[in-house]
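Shared between the two complexes below is chain A, which has chain B as its partner in the first and chain C in the second.
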Partner chain A sequence: MTDPEIRAAFLAALSDVAPDIDPATVGGGDHIQDDLELDSMDVLNLVATLHKALGVDIPEADYPQIATLDLAARYLARRLAS
Partner chain B sequence: MAFDPIIKPEDVRASASLTKEIRAKFTWDDARAMLDGLPGGKLNIAHEALDRHVAAGQGDAPAMTWLGKDGTRRDLSYGDLTGQTARFANVLRAHGLAVGDRLFGLMGREVDLYVAALGTLKAELTFSPLFSAFGPDPIRTRMEIGGANALITTASIYTRKIAAWRHELPSLKLVLIVGDAAPEGCVALGPAMAAASDMFAPVPMDPEDAALIHFTSGTTGRPKGAVHVHGAVAYHVMTGRYALEMRAGTRYWCTADPGWVTGTSYGIIAPLANRVHMLVDEAEFDLDRWYGTLQAERIEVWYTAPTAIRMMMRAGEYAAAPYDVSSLRFLASVGEPLNPEAVVWGNRVFGRPFHDNWWRTETGGIVIANTQGMDIKPGSMGKPLPGQVAGIVERGDAGLRELGQGQVGELALRPGWPSMMRAYLHEEARYAKCFVDGWYLTGDLAMRDADGYFWFVGRADDLIKTSGHLIGPFEVESALIEHEAVAEAGVIGLPDETAGEVVRAYVSLNPGFEPSDDLEKSIRGLARKRLGAAVAPREVLFRKTLPKTRSGKIMRRLLKARALGLPEGDISTLESDES
Partner chain C sequence: MAVFTMPSLGADMEAGTLVEWMIAPGDTVKRGDIVAVVETQKGAIEIEIFQEGTVERLEAEVGQDLPVGAPLALIRGAHEGAPQTPPPPAASAPAAPLAAAPAPSRPAAPPAQATPGPGLVASPAARVRAAELGVDLAGVTGTGPGGAIVLADVAQAAPPPKPADPRAEMRKAIAAAMAKSKREIPHYYLFHSIDLQAATDWLTATNATRLPETRLLMGALIAKATALAAAGVPGVNGHYLAGGFEPARSVHLGMAVALRGGGLIAPAIRDADSLTLDQMMAAMRDAVARARAGRLRSSELTDGTITLSSLGEKGVDAMAGIIYPPQVALVGFGTPRAQPAAQDDGTLAPRQRVTASLAADHRASDGRIGARFLADIADRLQHPEEL
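The block that comes next holds the complex of A and B.
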């Protein structure tokens, strides 16, 4: 997958879990909890949605690596490549 | 029983603060004797929490270590907090606020929130904490019921959640914004604090004077403001010692947010009044950060919640392996019943079991607990603390009947402990309904076993407990029907491995709207905007009609039974069914 495809997949999963967020307004550095106001259950649901969409299993210890769109794009690209 | 009891080693049992001897002769005067008080039989929570320690020569003792999200660390002594809270009290006075006025707190776990809570009490105002992740609707409802006179918040929260309706709340005279700048019509806290004196003697209060208002959800109607008094601090000090093993200097971490009662009673008042060294982490749950904090801060007593514990369990024991958590001597959990697997898991990973305890907003403090001196039956909430009389009762035509061991009924308490709520604000009838035949009825179903341990069975009402937050279905339904497509809504809690329960909504649609994924997201999105993520439903299901009684009440119980594949029970009042 290309970087734009991964970003689009992440934003789609994000708006599935939190449809109050307009994906077009999400900045690359916005923190999903501090800025976008996801709570910890939302984060678990985001991980499950990403798993379904991309087949990537994200362990708990890696959650900080999907905390922003930019971080997630890098992390998911690495995981998809391996 | 599926899980064997955890038998405490002799040295652990001997270290317990609460002994058989204390239990045998305990009276409420023993709890009050743990306070210093003020002349003339008066007292003030802030004096017990801060000023008395300074007066006793402990001004340099560490009171709070604060960890910021960005890695910042601040250490505050009892002297520092005493001075800061005095400044805050002077700021309130300078703006004309006085006895009986109500200040609401609406912000994350920043140092200023802790200063504001105690500074407010010092200046004889009432403090009411709100959960900062609430959306604008729950915030406004609570501030209206509470007749808020002042608010402390952040510029970001103010702009997003308050500014639009601030002028529709005429009682609100002062909005304090943390930091050095404030939006129009608000006051920046930083410069105001800098200009204020750091001397302010806590106002002597009558033990029955109101100190705190904690809002809690009801099954029907608006949220209830439970009023707590200054005299409650005796119970906070006592339970901090007996149920949480606090001693002067104990390195203590309560992970609860002060927006909820645990984060105030045991995240501010009990620890400071016991002169512990408490840790406050501004950040939300993060696996490695939490293990790292337990290790680096050498936490001795840790009071946390089932959802967090289950998240740690999900990550597996190996995630804990790199960390040295041998400083821990007591672990406790509250918020919802802790499943026995988690108690046993804690014992394996931390070398100590989690001690579950039970209480609720109305009780102001821990009522039933597994204490250090007790063997643990995993899954049980423990035994009543000294001074508490708990029973299992059944409501009948002739009043209450007390049930025997092994029988399931409603958990009831004999009123009279110092931190019991004194009222629901403006709601005398709802308050009076909680008391029958000399018992306070808790709304929880429970059972007492042959050894006197209490076991949670379920709730007697429709309230939902998700991630430790008590949610009233009515408040969620009210927000859902504000969506143009929604005709009716019924909201229930469904069991969830991690959160305990998750909120699910059933809706029927107005003419001209058809169920679709986009509509589901649109409804959920609106609910999240209005209510906040913690309160809004995680899923919305469409129905043509919802099951209703003759009087038109949606039968949530039936929706839940069907969702879980359980027997439907008595459906004699069902008038129109789900379709």
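The block that comes next holds the complex of A and C.
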């Protein structure tokens, strides 16, 4: 997957979990909890949605690596490549 | 024949707008069926019915604003026969002169004005709505029977209403309930620092073996421990009503759900003390999703026997909460953090800890009871495998 495809998949998953957030307004550095107000249930749902969409099982210890769109794009690219 | 009325969905609710009927005359209904959707300050709520039988007649039209207690439908009980005589048509005045006619049997529908203008026939609901909206009925085209003006015609003729701001409405609902609570309930507050290291270690080990879909959150452990403890302490689990404190036989745990952009709602998870952790997770996930989507059921807003408010992973240390009346206790959990803790050998070690709080109604319990309750929650969190 290309970087734009991964970013689109992440935003789609985010939109799925939090339909009230407009993906077009999400900046690359926005923190999903501090800025987008996702709670721990939302984060878990996001991880589950990404697992279904991309087949990447993100362990709890790696949650900080998907805390922003930019971080997640790098992390997911690495996981998809391996 | 039973009258199904607009239910009260909390101390703070005065009225609701009927937005959808899910039943029609002739339908069979049973206890717990969702029969209507009502727009309230807390969003659209699915209304459950608590009668059994057959829908005889709908008494309210979609679009009507109805106070709590207003009749919505007539339900014929399962063992009642069909009505002996059809209801008399409105026009067939009995022998008594019109002026002495008995009061209308339907309190919600105001009596029609005595003399409508020539050629002007309108339903009572349409008249009320027209008066509210300032619509002159003379200028409205009726589409009802015989050209009568019905509610929909008035709505059509009225200027489009300014949509109520749901956030502002919810703020009003919170204001009403919390002001009532602070006015009437003598709160006392207790705080207790709880070691969460055992629960944290257990959760990390458990989740490491699970796919994301089946992972657990600390919130589920906290909810289960709170529900189990509440089951053993009647003074914090129940309702304070006109006749005094009534302990509840079950634990229906209200879970405070914060809405992004503001607002708060606490749907009840029924029999929370008997759920497994996986069932608790599923119930919490479902309740949060529907609270956010504005699609809770009426019983979820009224069944709570105690409320739990967790400040989450990124919050502050502790809270002193306000009880949701007519409940008598609210449990608050701050944000768990690693903190230096004194060990038995006198050294310090980092431990994951959280401050739990209890706001309780002094009319229903004393501090000693509340302290026992918080201590019991703490004990249960030391044995996460038993939750």
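The criterion applied here is as follows: the second predicted complex is superposed on the first by the 82 of 82 C-alpha atoms of A that agree within 3 Å, B and C clash if a C-alpha of one lies under 4 Å from a C-alpha of the other, contacts with A are read in each partner's own complex, and residues count from 1 in each chain.
Going forward, contacts are C-beta pairs under 8 Å (C-beta built on N, C-alpha and C of every residue); 3 or more make two chains touch, one makes a residue touch a chain.
Just so it is clear, the model here is predicted, and its values are computed rather than measured.
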*asked:* With both complexes overlaid on chain A, does A:48 touch chain B (first), chain C (second), both or neither?
replied: second
*Scan A:40 for contacts with chain B and chain C and give back first, second, both or neither.*
both
*asked:* Once chain A of both complexes is superposed, is A:60 in touch with chain B (first), chain C (second), both, or neither?
replied: both
*After superposition on the shared chain, which partner residues are touched by A:15: those of chain B (first), chain C (second), both, or neither?*
first
*Across the two complexes, what residues of chain A are contacted by chain B and by chain C?*
18-21, 33-34, 37, 39-41, 44-45, 59-60
*What residues on chain A touch chain B, complex-wise?*
15-16, 18-21, 33-34, 37-42, 44-45, 59-61, 63-64
*asked:* So in the complex, the part of chain B that touches chain A is made up of which residues?
replied: 69, 133, 284-288, 307, 311, 314-315, 319, 466-467, 498-499, 502, 521-522, 524-526, 528-529, 532-534, 538
*List of chain C residues in touch with chain A within their complex*: 204, 207-208, 211-213, 215, 217-219, 258, 260-261, 284-285, 288, 292-293, 312-314
*Where on chain A does chain C make contact in their complex?*
18-21, 33-34, 37, 39-41, 44-45, 47-48, 50-52, 57-60
